[in-house]
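Next up is a structure, given as structure tokens.
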């Protein structure tokens, strides 16, 4: 029984370290500060999205629109800077507003219109995939592009904005840590503290576990649910900002892969430390886990489809940890 | 009279594991009569119905229908033999997405000898015949999901009657109907009675029972505790038999209160209900009793801000009190231990400590950050206070017994000082010792606040309260100081007898 | 759906030729029948239409139609294969003389195309094989695209280097480009492919960048990255920049867009060269081949639009900033001398 408890609690962390040890031996150059930083960088965007979707999972909801919120934010940032020729601050604010707005609409649909969460956010996903194409009639946005009316967009990505994707902070080694990694870590700590230590986070868990009990304990349940979707929307839009800064252009994309990777990270997070519930620390570990795997596999020349396969295996194993071994698969 | 019983149950027993639910029940039903079956929750009514309708198999005993052995193995067999049941949940009896005509003939769509092809004209013809026989005035082409609850209920019954049963069982058919809607249902039942159907009618509503009953059978703890068939029917006797009357060993010493905490004036909690007025004083424990469905929970939820009253005013500590949400109620010092803890109380993902702190996060945090040390200290104190049996405050709720879970729910709300402390069915699913502990704790800590309990079991009220209020038909119909109680009058009030002036 | 979107994304090229719309039709009298009189009707029946590539292709078709003075009807099935076949019948009913079938599925279009031919209508097909000897196939040559880029790589780096290769199997144009890469590796034994990777997870550039970073840390000695699709190349470039290896590695790719031009023009950009076909030109060639058929000439069964090599040096020297500059300053990109009989008006001619 004790062994089993320990397996549930530390199994996944042990697995992670085992994996790192294996790649350290099998793949040249895997162990280095740069490599470690890179793992974080490669999961920064999906990690930020995963932290956001964790908030909706905590209140017993789900957000399928995060991927398309991220790509819509990316398009919006590009549009603001390239077509409207505004500066980085305007672009960032526009993205965050999109995140807030989408979160509010999702929350409104789910709480007041009684649309089931999966369906509401699925609808929002399609809506955004379409919406992001309307201003440019389906063209990708880049400096010098021709607009539908034949004019040429002359704005460009401001250096300040691109720095969000390209600047690196010194950390023992010069130019080591990219901004996106710092953003990931800061947001992870923030949402972790929010969920674990504030009364708002605690009540969100209560809402997710027993909505009626939370309401009878005085919680404004509807407001909590809407806030969860706003958090999710804002985090997704921050992910979109990082994406735009890294790519330096606005690419039409559905963001479905971002969504799936983010959800995978959050679900893997259930298994970390035997939490058996959505949690920010687990989500972050889950994201890093996926990052380590992909980095190692790519370094060993594994083709892309084996990576999807391995991702799936990890997810399934994590879910077995969560639901079968810990015997808490009630929800 | 016993000779012409169309349906007879003899010495029926049924156990689930160790737990004997029916301990030798004998019941007779007569053609053209409405027999009302009364019983508190857990008396075994629904088990009996499920055995008769072929859902459960019987333990021992026998059943006879029209002189022949009746032993259905499946619900379908029971229906074919002529015993049809309309269950409490209306939507189980109809298919919402189909039209009325199809619903009325649905049972003929499957089974032997049914043509493979669906013939809409034939369906409508048959449905019309059924509807005419029942005097049903509903558009046969309407979709059931567009109908009112009452109409759906009618369709469900008409559908059952399409089998031309000898015995019809109605399980709390009016529980979700308004009184006008119920009247239509009663007219239908009268018609069926005239057609010679033997009807078993299960209900708590005294008004229904007065309107329909030819005979009353009371059940308690798995046995028949009374049969009443002499006119005029002895309704109080039936309620009495249903609730039982024990000798109360631990009678309380009733206290009086001088300082009113909550005053309620002209509160109406349901359309058509008479207004409620009451005063609760500091230090007293008041119990509201009444049958299931008379509006106890509605009143509790109105006081706690879950629902709004239709009219009336409340005053708490001399100030107007009109909570718009549970949060406002809690801020005003009104706490509610809701009934059905699994549904309304326990947060399954939280351990004991976090379940206890749930309503008081704001008071336990600084800058919205929870102070975990205070949270733990509170939990430990409350575990001690109520004698909750657990390893530590970190235990999961699922590890606790029902009684201890309920103690946690009570402990949650006793962690802070209340002005008005409401408990809705706090002894539900609680063993006798936990019940005594909770009651003792409530009485010991009652000083300085008003305590209001809602209980269906009269014994619980007698054991706990200083004052007992009786509810019936969504209003308060009687008040008794818990000393030298006139039990006859109290039971009459529970049974909905001639209304005494309310407090 | 995903595959198709990926496919669209894969082909996302820069927009060109929109400025070519403002052409006066050439004098009708110079041209053979039926173009000596106005009123010739042709139809463009599309399977794919969203994305930069298809926008540019359409603008090419429109420009050439205008130059020829023909009446163009555009029928867009939006990836509905059955509808596209119906639209061919619709075009027949409209009484058009010629039809261009743009993309689609062989299975659904083969019979429809045959019905059009039977109705006496001239048909050409772009990027869909309708298995009909009477229907010329318009193609851009993926093999030539890869060949041009790789020849430049050999020219720049010699015949011996370590290479990283970005490839996802199962996508027809990428598979054709891959054949050339395999041939080139055979021909130059000094070219050593140390890593192959690739993904179509969108946003593609972001996913490829993540992979490329891993590859670069495993193989810091790579000299050349062959990424024969511009989304791949963008991803590789992001990784190379992030690794600070932009002076040590050169990227060779296929396809071009305005943002690709910007990326190639960056100081010390690793992106050395790309080979591309101008989708607007492909559109023009489609119309011209159809016009030749209508005039009784034979454009040949396979009408191949040759690609153009675009190097970083070209872009910098000629100060090319976007697709319009590219068309204006690299004439071979703006116009292909394919299906160009003497009487054919050139939509690019000012």
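Per-chain residue numbering starts at 1, and chain names A, B and C are given in the order in which the chains are listed.
The criterion applied here is as follows: a residue touches a chain if its C-beta (ideal position, glycine included) is under 8 Å from a C-beta of that chain, and two chains touch if they have at least 3 such contacts.
Going by UniProt, the chains are A = Inner-membrane translocator; B = ABC transporter; C = Periplasmic binding protein/LacI transcriptional regulator.
Just so it is clear, the model here is predicted, and its values are computed rather than measured.
Trainee: Using each chain's Cα centroid, which is most distant from the centroid of chain B?
Mentor: Relative to chain B, the chain with the farthest C-alpha centre is C.
Trainee: Which chain is the middle one, judged by CA centres?
Mentor: Given all protein C-alpha atoms shown, the central chain works out to be A.
Trainee: Suppose each chain is reduced to the average of its Cα coordinates; what separation in Å results between chain A and chain C?
Mentor: Taking the average C-alpha coordinate of chain A and of chain C, the gap between them is 35 Å.
Trainee: Approximately how many whole Å separate the CA-defined centres of chain B and chain C?
Mentor: 73
Trainee: Round to the nearest whole Å and give the separation of the Cα centres of chain A and chain B.
Mentor: Result: the chain centres lie 47 Å from each other.
Trainee: Residues of chain B touching 2+ other chains?
Mentor: Residues: none.
Trainee: Of all the residues in chain A, which ones touch at least 2 other chains?
Mentor: none
Trainee: Enumerate the residues of chain C that touch no fewer than two other chains.
Mentor: Correct list: empty.
Trainee: Going by the contact rule at the top, pick out the chain C residues touching chain A in the complex.
Mentor: 2, 5, 9, 12, 14-15, 18-19, 50-52, 55, 168, 195-207, 209-211, 213-215, 217-218, 220, 231, 234, 238, 241-244, 257-259, 261-263, 321-324
Trainee: Which stretch or stretches of chain B touch chain A in the complex?
Mentor: 304, 306, 325-327, 329-331, 336, 338, 343-350, 354, 358-359, 361-362, 364-365, 368-370, 412
Trainee: Within their complex, state which residues of chain A touch chain B.
Mentor: Per the stated touch rule, the residues are 197-200, 202-203, 205-206, 208-210, 212-220, 277, 330-331.
Trainee: Under the touch definition given earlier, write down the residues of chain A that touch chain C in their complex.
Mentor: Spelled out, the residues of chain A in touch with chain C are 27-30, 32, 34-35, 38, 41-42, 45, 71, 74, 133, 137-140, 142-146, 150, 152, 166, 175, 178, 243, 246-249, 251-258, 294-296, 298-301, 303-304, 307.
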